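The structure appears right after this line, and notes come after that.
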């Protein structure tokens, strides 16, 4: 009876698969930021716009503003950035699923 | 502290109040133009006028709002008419020195000012409505 | 707020709100003895700064309220012309509406770009 294939040993037995010599470095942007940095910055921006909106709401609550347009712009900006965040998340999830579907 | 959002409205509203006071006073003057009947102080009706003052903030700067105060202008006209029921011991009849034409002009000027300030107020409301629409870009 | 157009438009709207108050104040005081009509200076200084220093530096330019002295005075010293003030208010309102519309338009474009991005 032939032996079942041991995935770690492959067709030719002997040595298990070895990692390559050097670990792969994450890619960076022109100013040295990794994808993780970019994502983190992005999340901070979205969070900031939600906070700015809250600040604007509180100013209106206190009767502390003469510039209604700034309040309303903060509202739209918060909506827009959240919308963008949702789209980016959706695209990332899609990409992740796509990568998972790749058979090795 | 007054709501800063309504600063512009307060300014126009103060003006409308002051102009309305001016109209009321002018109408009162007109109604009493020939009045000779002596009042409590022994004198007949005295012409009234409204003095406008610019409202100042804590730092002494004009806020834009205005205040109107009623002031009496005790000037009288006198004529000799012994047969008049309100004639005094010397046959002299006293009445307020009121020119109906002046009062009518005041009334009309105040009315126009009132309208102009009301329009300014409406314009500000439209501006705020325009600003509100900035909050919803989908609609 | 990252978009430079939105930043500038917002500042212009700030100035328009101030201008409304100043000219409404002039109109309110058209019968106040000795009152001098005021105006708001901004665009000349702002545009100059834009030309000389660019948008970032220009944003530090602020509006300035001053006595216009552009009309003759009454005997009591009041120099408010209600026609001028009404015209100033109308022009100002139109400008504010325009700025608001453009800001709205910009954000709608951004919104469309977000959802219509290719590569699904």
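Before moving on, here are some points about what is shown:
The first chain written gets the first letter, and so on, giving A, B and C; residue counts start at 1 in each chain.
Just so we're on the same page, a contact is a pair of C-beta atoms (placed from the backbone, for glycine too) under 8 Å apart; a residue touches a chain by one contact, two chains touch by 3 or more.
Bear in mind the structure is a predicted one, so any value in this text is a computation, not a measurement.
If each chain is reduced to the average of its C-alpha atoms, the one that sits nearest the average of all protein C-alpha atoms is C.
For subunit A, the chain with the farthest CA centroid is B.
A straight line joining the Cα centres of subunit A and subunit B is 66 Å long.
A separation of 32 Å divides the Cα centre of subunit B from that of subunit C.
Spacing of subunit A relative to subunit C, judged by their CA centroids, is 40 angstrom. Residues of subunit C in contact with at least two other chains: 13, 17, 21, 100, 103, 107, 111. Residue positions 66, 69, 73, 76, 80 of subunit A are each in touch with at least two other chains. With touch defined as above, residues shared between interfaces to two or more other chains in subunit B number as follows: 7, 131, 133-134, 137. Across the complex, subunit B meets subunit A through its residues 1-5, 7, 128, 131-137. If you check the complex, the residues on subunit C that touch subunit B are 13, 16-17, 20-33, 35, 38, 82, 85-86, 89-90, 93, 96-97, 100-101, 103-104, 107-108, 111.
Subunit C meets subunit A in the complex at residues 1-2, 6, 10, 13-14, 17, 21, 100, 103, 107, 110-111, 114-115, 117, 119-120. Looking at the complex, you find that subunit B touches subunit C at residues 7-8, 11-12, 14-15, 18-19, 22, 51-54, 62-66, 109, 112-113, 116-117, 119-121, 123-124, 126-127, 130-131, 133-134, 137-138. Across the complex, subunit C is touched by residues 45, 66-67, 69-70, 73, 76-77, 80, 83-84, 87, 91, 94 of subunit A.
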